[in-house]
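Sharing a structure with you now.
Chain naming follows the written order as A, B, C and D, and within any one chain the residues start at number 1.
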Amino acid sequence: MTRLLKIAYIGGGSRGWAHTLMRDLALCPELNGEIRLYDIDMEAARQNQSLGNWLQGQPGVLSSWQYRLAASLGEALDGADFVFISIQPGSLDLMEREIAIAEEHGLYYPVGDSTGFPGLMRGLRSVLIFEKFAHAIARYCPAAWVINYTNPMTVCARTLTRAEPALKVFGCCHEVFNAQEILAEVVQKARQLDQRPARDQIKVNVLGINHFTWFDEAWFGEIDLLALLRQHLAEPGARRFYTQAEVEQENDWFVDFRQVKYELFERFGLLAAAGDRHLCEFLPGLISSPQELFHWGIIRTPVSYRKQRYIDSPRLIRSYISGETQFDLRPSGEEAVRQVKALLGLGDFVTNVNLPNAGQIINLTLGSVVETNALFSLDSVRPLLAGSLPPGVHGLIATHVHNQEALVEAAMTRNTDLALQALVNDPSITIPLDRVWEMFTTAGLPEGW
Amino acid sequence: MTRLLKIAYIGGGSRGWAHTLMRDLALCPELNGEIRLYDIDMEAARQNQSLGNWLQGQPGVLSSWQYRLAASLGEALDGADFVFISIQPGSLDLMEREIAIAEEHGLYYPVGDSTGFPGLMRGLRSVLIFEKFAHAIARYCPAAWVINYTNPMTVCARTLTRAEPALKVFGCCHEVFNAQEILAEVVQKARQLDQRPARDQIKVNVLGINHFTWFDEAWFGEIDLLALLRQHLAEPGARRFYTQAEVEQENDWFVDFRQVKYELFERFGLLAAAGDRHLCEFLPGLISSPQELFHWGIIRTPVSYRKQRYIDSPRLIRSYISGETQFDLRPSGEEAVRQVKALLGLGDFVTNVNLPNAGQIINLTLGSVVETNALFSLDSVRPLLAGSLPPGVHGLIATHVHNQEALVEAAMTRNTDLALQALVNDPSITIPLDRVWEMFTTAGLPEGW
Amino acid sequence: MTRLLKIAYIGGGSRGWAHTLMRDLALCPELNGEIRLYDIDMEAARQNQSLGNWLQGQPGVLSSWQYRLAASLGEALDGADFVFISIQPGSLDLMEREIAIAEEHGLYYPVGDSTGFPGLMRGLRSVLIFEKFAHAIARYCPAAWVINYTNPMTVCARTLTRAEPALKVFGCCHEVFNAQEILAEVVQKARQLDQRPARDQIKVNVLGINHFTWFDEAWFGEIDLLALLRQHLAEPGARRFYTQAEVEQENDWFVDFRQVKYELFERFGLLAAAGDRHLCEFLPGLISSPQELFHWGIIRTPVSYRKQRYIDSPRLIRSYISGETQFDLRPSGEEAVRQVKALLGLGDFVTNVNLPNAGQIINLTLGSVVETNALFSLDSVRPLLAGSLPPGVHGLIATHVHNQEALVEAAMTRNTDLALQALVNDPSITIPLDRVWEMFTTAGLPEGW
Amino acid sequence: MTRLLKIAYIGGGSRGWAHTLMRDLALCPELNGEIRLYDIDMEAARQNQSLGNWLQGQPGVLSSWQYRLAASLGEALDGADFVFISIQPGSLDLMEREIAIAEEHGLYYPVGDSTGFPGLMRGLRSVLIFEKFAHAIARYCPAAWVINYTNPMTVCARTLTRAEPALKVFGCCHEVFNAQEILAEVVQKARQLDQRPARDQIKVNVLGINHFTWFDEAWFGEIDLLALLRQHLAEPGARRFYTQAEVEQENDWFVDFRQVKYELFERFGLLAAAGDRHLCEFLPGLISSPQELFHWGIIRTPVSYRKQRYIDSPRLIRSYISGETQFDLRPSGEEAVRQVKALLGLGDFVTNVNLPNAGQIINLTLGSVVETNALFSLDSVRPLLAGSLPPGVHGLIATHVHNQEALVEAAMTRNTDLALQALVNDPSITIPLDRVWEMFTTAGLPEGW
């Protein structure tokens, strides 16, 4: 394969995901080309450019990529084959402020990027940003594959496809991978396997929406993993609650004791894929106090932590380049490069993605963005039929689908009332509607509304 | 019209609605026949029988009805032309207990008969009861019109039509009438009319589900009443909150300051028909404390009040018969008799009823019971197209429709998990799912599950 | 009612329907105002103007209307309260030619204005014309009620609502009235009634599409008219076929022996409302030869007859004005005036109309124009739920709905292929697709395509 | 893989497909076990048994299978892992008679097994037969995979899934393979490739119903095959018509000049997969005379030919066993064995199959059987989303879907009227409905109705 790819990277100053991509591209001999980094924080993009180009000469690198800085969105996109989008919609200060407003009303969001008050507020401004992306892509590279990593995933992907229906868009998230790892761990232990099965040997049927997607089947060969998990949870100690001290001593903002996942599994019969930090934000009552969160083994990720990572990044990049810190060149486990290869005809495979619902989940709204398995092949991402959500889980999910659809509609038509209505209908926002209005007006409408 | 009607009255010991019906039948010269009172509390039915038969001789009575006691459901139903159902599903003790369990978890339901924890629990046992009614009606009087007044209306009516799809069922409720009266009051005041318009001169398009149905249009002649109401609410003092003292000094368990209705109207643009006591039970956060309820001008109706009415009833009936108390012989304003007449070909008219959705609200689940206008004519109740719910209100209602459908499914298939799942998904139940499970198991499954 | 109405009449030179309207308006004391006649044949409109204004002074006339000539569409529409549309889409020569082309391919259409080859070709040009009407109405009188009488009804009404979704459009046709008259005749005979019941005492549930709409229920009081008709058809001689001589001796281009209607009724169980001349055009094989048509008692209406009526018209109008011919001042039996009155708040009633499907027939495409009952009231035409078509009749109708939708789509997007595809799929066009293409290219695309 | 499979073969006396299966199983080293042959013609099954068992000792055979005769359906099915169904529903005499009845009414079906008069009549009796199969499978081997090869495919598969919704059913047909071969030929010629691409290198998106399924995309690597075909058809001579002599001199009952396929492609833009012999039966007018068929290059397969094959079969089997005729041991190109292997976890792959529509074609009736691609994997056949049919092709297919659904409903509920209604609505049956009734009553209802 000698073809030279052009990749546009919107949010090219990204601290996490950009480095993962660099790693995986470096290890893939079949793909070469250029990556145009575009970011409203140009300095951050410039640092990633240095890192990316420095990497080309390093031992173990099997490909050749040129990292370039794009001065404008158009320059990044012009003629691109692929567009990656991984941005922070709005500043971390804004995120911090919205989480704080919610706390003033008794709502304690541990993440705040997908749903609930801060997630939906972030969604509103994402629509305004992604509308522009959609139109720019339609203008500069209408045939490109557009891969979104930004949260709120559903709202961002939905905006792209609603604003420009002809674009080829999908969205990726690794929460499903984590759940597959959990099942791999369960089967290894239950069957006393020497080796943990590889993640992609855990076959799952995925159905739901991002960060609230579920498995109704999971198999390792002929072993029914949901049945196995049910046995596992019946063992003493598998299901329990936690104290603040127990949670805090883990010293990990991302600690996950999976008790929300398991409670949902016991009560609803399907396995939710995302981590508890996300799941609790889709449900009523779990975020009603820090104590309630601790009870389930969850700790809030402070936005200050995210800010610090941001501040630390330039030094980290310099230390990679200086050799002071070793840049990790092992495969990340992410699938972006495998997906790109499949789309170029270099190997079909099935994985989960976020796509507009064209029938893959027959009892969710057509057109809304859902997460299911799909077959990747040459220039094609075709969903597999995921089937129908059972009534109980359908009840949980359908509300969020309504709200996300309403939110995108609200922002695209600048309909303030409808935006509020979506907030009132969010299951995690358990306060009276006059107080929702208060939160909403305190936070204010996004710039450019 | 000399035809003699046979009316079966299930719940014939009813204290409220039975007397209303007696009154209206007494004033209707076109209808005569017999009414078979059936009740598991036979003594209560017997008292109503005495009252009903005593009434026949009274001045002002224009018709002739024979009230009979039916020893069994079959005896009541056999060959009936109409079946009225107005029962208390389960004892008042049960109702009191379920409301108390909810209060222990911080949920304060002012009524508890339609939705929320006590409403859904009442729903579960109603399904078991109404399944039996459905089969009995199908056996003894398959061509009868079946008119339900029992709450939870939607669940009861849905059970009848799901268990026996060929039955001719509709459900009636006067909440819409009350809202029409409010609008009549508004227009009288705004336009300084000498006389308040009659309720049925207030033309409304009704769409939603019982106790959570809405008007998207309301007219008095060419006057747009929703626009008028909007002006009215903009006046100083129209929108306000209340103190406990203000509410309590009304000394009325049914006091309604309409602030929930008006808040919903301001935020969602449509007018919810039911009283605030019901509305607050369909929404998150409003029932979170007695103070929150007082804040909106709502006081909880104690079940002890309902019990007292029940205890007082025999004495009241005796005092009617003895002449000590004057039995009220003015038209009640209810529509049962007008409906019966229309179904007999004695005058078409349009009114609101609860019917299975066959397209009248195109964006709610087909088959679920919805409340809209319908044309009553000879042996026919045909819904008028109510149209589509706007996204915001749709979000509020669709969740309840899902839950009601799930609940009926759960009870008809004795699926305990699904029953719990409906509870978890109820917007007024704002507590974590493990606590919902606790409430549920404390309350226990209905008899006969 | 002193309000002065403004009525725009598009196709104001119409020979038939305009005179009917004049008659009924003349007899209605509540309505007065002006009628602006607009026609591409201005001379024809001028003649109608003379007639209309002459009529005002005549004995028996109870209202006062001013008939004016509009020089342009805009002049006719400007500020109108009602818009009537009754045009000939394309010349009679065109119609004659398309019918002749079809005959060359063995297809003998007796009417040719609704479906089949000439109906669909007429439909194509109607879309182009009605698109313009829609935009003009939206510009000059967006709040007007628009009442269409033009065939092909479904295509014309659909174009108006698709081009300008906010317009208030419905379409009227008297075929249902004729079928009610047939049932009135049947019940009079069967029950030996002295008097034939009035048409609107025959209560029917209407469901289908214009000229192919059906009754699944028909009642005169408590008498089931479909059951009665079934008995009637079982009598000797009720069902039979005809010879050419028998048909021709009737000397009536509109003769209707109802044998297609009755055959459909026997085989499908529902009663088709339209006359056999229309029905046979919706079905396969009936128009395959003049002999086949005679067999069913149908004779083709020659376009020359329509042309002659057109030629005779000026003389007829002159002879009305001169008093040589008596202008008929009895009520026509049409409902236009009654509808206008209802929309002005002067009396609600239920009748059948053509409206976009918003759920009234749940198993036909939403948005397509269907014919059902609707409640007319102040500024409102609200469909009654007609229910679901049974599978057999659904099969017959759904094909036409697909074709009509495809045809409107084809013409609005100038998609020639799609137009052909609709023709190929028409059940009356029973010839191979290459020959359909031949007919289509021979006839040619409409002007302005 | 040492697991021994149990395969039930209903129609085990089959002359064609049984031998193909024997061949492919013989060449597959991973699969072994027993095959139970069941047939109402036990002698035919016995002959296949001899052949199957004889084959085991032959050179080149890589597996070991025991062929057994099953005296009853239950014996064949008991505990089976797979069930193959390949029967003749009703005798060839019946088929011959129905084709002859149609000819008397001017309808000349070249095949008569899928649609049109003989196809639908065959469908009616298939429903009665497959209902029994469904219940027997549900009783004796509910977990088995059931693979149907019988025509009419859609009706047979639909009956199985409607009668026993829990069965795991799919249906297979090689018409799509043939169309892939045509495209392979086209690309080889156009690009002057040395070698014709293998069939499964031709990637197609399949959407439609059996024998009337279509490709809206077809690729060989990055070469757009539909675009290529369009160029090919523009060449002189590619599109033409035929004389009777030209067709007859081919001396092949299955000759296919593809002119129906190409005409449909030119007019509708999608490529129909089946051969012209099938396609012409789904369309109006093409079967109106033998001359019309010759015109398109089609000759009717006489049923006498099928009978002769049947008569010749025992001799042919004897001559295989005696060594007189060489039994062909090359891979057949069919996919049954590959599918079985995939279902056993021995290699995932994507191919086209007939399955109940659960969203894979979003604008066809849910539940009806459609033909699309699906992913085969361990104990799973999961459809890929095929998308939406464009309006023109949708029009052609939807009618057949309605009719097939009506037919299955008709036969399962013994509703004679509905069966007739489906016939009247068949596009190939271009005669008046009274004559359809005549054909229908002449043919008579199937045994056991």
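Assume a residue touches a chain if its C-beta (ideal position, glycine included) is under 8 Å from a C-beta of that chain, and two chains touch if they have at least 3 such contacts.
Everything numeric in this text was worked out from a predicted model, so none of it was measured.
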Checklist outcome for this item: Shared touching partners of chain A and chain B are none
Checklist outcome for this item: Max Cα-centre separation from chain A goes to chain C
Next on the checklist: Averaging over Cα atoms per chain, report the distance between chain A and chain D in Å.
Outcome noted: 44
Checklist entry - In whole angstrom, what separates the CA-based centres of chain B and chain D? => result 56
Checklist entry - Where in chain B do residues touch two or more other chains at once? => result none
Next on the checklist: Can you tell me, using the touch rule above, whether these chains form a line, ring, star, complete graph or other shape?
Outcome noted: ring
Checklist entry - When you check every pair of chains, which ones turn out to touch? => result A-B, A-D, B-C, C-D
Item to check | Of all residues in chain A, those that touch chain B in their complex | outcome: 263-264, 267-269, 283-286, 288, 292, 391-396, 398-399, 402-403, 405-406, 409, 417-418, 420-422, 424-425, 427, 429-435, 437
Checklist entry - What does chain D use to touch chain A in their complex? => result 203, 205, 219, 221-222, 345, 348, 350, 358-362, 366, 375, 377-379, 382-385, 387-388
